[in-house]
Amino acid sequence: MIYREAGQFRTTYVADQRIFPITQDRVAMAMLLIVAFVVVPAAASNYVLTALLLPMLVLAIAALGLNILTGYAGQFSLGTAAFMSVGAFAAYNFQLRVPGIPLLVTFVLAGLVAAGVGLVFGLPSLRIKGFYLAVATLAAQFFVDWLFTKVAWFSNDSPSGTITAQPMVIAGLPIDSPARRYLLVLSIAAVLALAAKNLSRTATGRAWMAVRDMDVAAEVIGIPILRTKLVAFGISSFYCGVSGALWAFAYLGTVEPQAFDLQRSFQILFMVIIGGLGTVMGAFLGSAFMLLFPLFLNWVLHLIVRTELRPGLLSQLELVFFGALIIVFLVVEPRGLARLWQITKEKLRLWPFPH
Amino acid sequence: MQGKVPGPVLLEVRGVSLSFGGVHALREVDFHVSEGEVCAIIGPNGAGKSSLLNVINGVYAPGAGTITYAGQTRRAMHPHAAAAQGIARTFQNIALFKGMSVLDNVMTGRALKMRRGVLWQALYWGPAEKEELEHRGRAEKIIDFLQIEHVRRTPVGRLAYGLQKRVELARALAAEPRLLLLDEPMAGMNIEEKQDMCRFILDANDELGVTVVLIEHDMAVVMDIADRVVVLDYGRKIADGTPAEVRANPEVIAAYLGVPTEADERAVAGAG
Amino acid sequence: MAFFVEVLVSGLLAGFMYSLVALGFVLIYKASGVFNFAQGAMVFAAAVTYAGLVSLGWSAWVAFAGSLLAMVVFALATERFVLRPLVNQPQISLFMATIGLTFVLEGLSQSVWGSEVRGLDLGIPDSPLELKGILVSKFDLVAAGTAAVLVSVLAFFFQKTRVGRALRAVADDHQAALSVGIPLERIWALVWAAAGAVALVAGLLWGSRLGVQFALTQVAFKALPVLILGGFTSIAGAIVGGLMIGASEKVAEVYLGPLIGGGIENWFPYVLALLFLLVRPDGLFGEKRIERV
């Protein structure tokens, strides 16, 4: 009843090309933005802001990046966290060594540095495909891990390789309270999400998807394959770099080498898969899911199992459940939560009629 | 078809040979196509027809011989360059981008014409939007021309085979090519679909001025729409002329129907 | 000079250990087209099951049989609940599913057997043997010998037997194999069980060298460069690749490591494999992928 398109005619290409062509969608999005930008910072507790929403948004940005690379361009990557690491350390070093540099410029530069590294690791992708490429990105992961721990210059000679991010200030305004940090990250996430959506519906996005679906045919049409892949690597790494910088500055405040290890890469990969490959919404849905599910599982297991368990058994059981959940997801809805949401909307359009 | 005055030569293939290891796909093939013509390439399976198309648009580089297109002679050409010079094609096994909608597939056909850089596209508002809308308009004209408006938002993977072939044609036409290479555009279609496809190809040739080279097995189609026919057999050209001339050519008949051997004649005599 | 040869030989022999793990990958990929990320977890699970059974008082051979049985059960369960529902899904889905399997296996084996480090004694002394003036570890020799035997058996199986042919058909095209009447489910169960057996052997050898602990799962990461070099589908390639990676890793560790700060064995094999890939995108022995338009 509510979600009907009846009476909504799109008579111009402009109207048809909109991100949200249906009026109800536009209204819903506007409301979501108002809640996110106005209601949440006022009403949410510090715990929710710092422990749930901040990491969710920061990781969602990385998931957006991986989505561009794997979802749109079809290039499989296991080195996402390495590019986050590059972004974090780059941002730290820029703030450290360039006096008076504005914070936002630091973030952009950090992203660009990560993009540069991404391009280097993307160069082989013209010749190697599929799993071979995945292993190449794994090499990036291990190498970057080693580099930042061994070469002391990056962490300003910190003995453990841990860096502490400098306090954030934008135009004289200190960004220290949870609410302000949240708003900063939310704004950046919103801008980057919009950019990603725009890219997906213009020539660049189509070129990516063409290369993903059948690169031989894409070449024959005139799409330059190497350049398309490199652009995907560059932009994806930019996003991951910004995410890493935000992780260091806005979320935790420190970065230890393990923060961006292989586990992190997998976590982001799962976000993208569970959320939905090739969708912008999927990055956010997946991120929320990955962060909330362990909490949920923890709570459920504690309810069921009353007796004292051997230490560590709980986390091992969680591991089993988590693995099983991934398999179930892949079997039941390989296109992820975003697809489930789409199906729900389609059913809503018909409701209360069955078909 | 009949009575059409041939324009200047657009494509000239001279002495082209191509082998894969020990297999000779093409042996010294010579022919030319005039601007505005519909030229059909026919021949038994394995005669080298697809390989010939692949050589023309640069997917394969011939071992010998040259291709002269729009006045430029070369042996090998990168497919990207071929596309930039106005050669578009379709494939035997549909090479559509299965993950995208019909509209998006057709829009990829205009990839070479879209200039705005990545940053503008990320912003969308402004020059990028203008460009996107302009090309949308052109793509819609082709969609209209081929009557696939009703499925423009459907993911191609879900379409029926005949419609997919039409979408592939639309994608090729969206590039506004001078030369259109069609590899078995009507394979697997029923009679109605074939008639529709014939009409579209002829309309493209007439209204859009596209020169067409097509590989086709259905003789009725070839006789109907082709201005000239080139016949290949085992990589060699064995006939070249109007459909009527080719149909009467004894070598062509032998290639398609086979030459009777002594044993055959004895068998026929014995059975009669 | 003798030192270099020693380093080289010990690297080559270590390479056999990598090959053992890589072999499991190759088996599964060759026969079902799936890149089994869970291979490392399988090595760990097999080893920890064996060690656990031994600690319960079972004799070595019975414990071996028991662990083998456990791996077979795992293979059957995997085929039934993971592979069958995902028939003909794109490779990335299957790969993700094996990551899920990894978690399940890791969590399960640790829940059942606990997560403390155990020793594993196979009765093979790690003492050095002197051959023509070079010191070689007895243990390495046994590992190399085992790998060689396994490879020969498997290679023979794939090339010469009817089941082996069926396996190759399945890897090529699931649908086509089904339509010819090849029993997909049984084939997959068989292959995964075989990979499980290989994982058990690898697990025993690695476990007695490193101790049975969670870090065993990371051994799989070392096997990946081996696969890149040797190709994902070649059994012989797994051996050759293993030798190359083992040797170059040892040599680099000893000669190059001290120059740039040590600890390079994590990424050095990868970079090597990457450079190699640029020249040969499908690996030394891998099948060249032909894309027809």
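Worth a mention:
In order of appearance the chains are A, B and C, and numbering begins at 1 in each one.
Assume a residue touches a chain if its C-beta (ideal position, glycine included) is under 8 Å from a C-beta of that chain, and two chains touch if they have at least 3 such contacts.
The structure presented is a predicted model; accordingly, all values stated were derived computationally and were not measured.
Summed over C-beta pairs in contact, the chain pair with the top total is A-C.
Summarising the inter-chain layout, the chain whose CA centre lies farthest from the centre of subunit B is C.
Put simply, the C-alpha centre of subunit A and that of subunit C have 32 angstrom between them.
Averaging C-alpha coordinates per chain places the centre of subunit A 43 Å away from that of subunit B. Per-chain CA centroids place subunit B at a distance of 48 Å from subunit C. Of all residues in subunit C, those that touch two or more other chains are 293. Residues of subunit B in contact with two or more other chains: 59, 91, 95.
Multi-chain contact residues of subunit A (touching two or more other chains): 216-217, 220. Every residue of subunit B that touches subunit A in the complex is listed here, in rising order: 57, 59, 79-80, 82-84, 88-89, 91, 95-100, 104, 107-109, 111-112, 114, 116, 118, 121-124, 128-129, 132-133, 136-137, 140, 171, 175. Residues 13-14, 17, 195-196, 198-199, 201-204, 206-207, 209-210, 212-214, 216-224, 231, 235, 278 of subunit A are the ones that touch subunit B when the two sit in their complex. Within the complex formed with subunit C, the residues of subunit A that make contact are 76, 124, 127-132, 135-136, 138-139, 142-143, 145-146, 150-151, 216-217, 220, 266, 269-270, 273, 310, 312-313, 316-327, 330-331, 334.
Residues of subunit C that touch subunit A in their complex: 35, 81-82, 85-86, 89, 91-93, 95-97, 99-108, 110-111, 114-115, 221, 224-225, 227-228, 232, 260-264, 266-267, 270-271, 273-274, 277-278, 281-283, 289, 291, 293.
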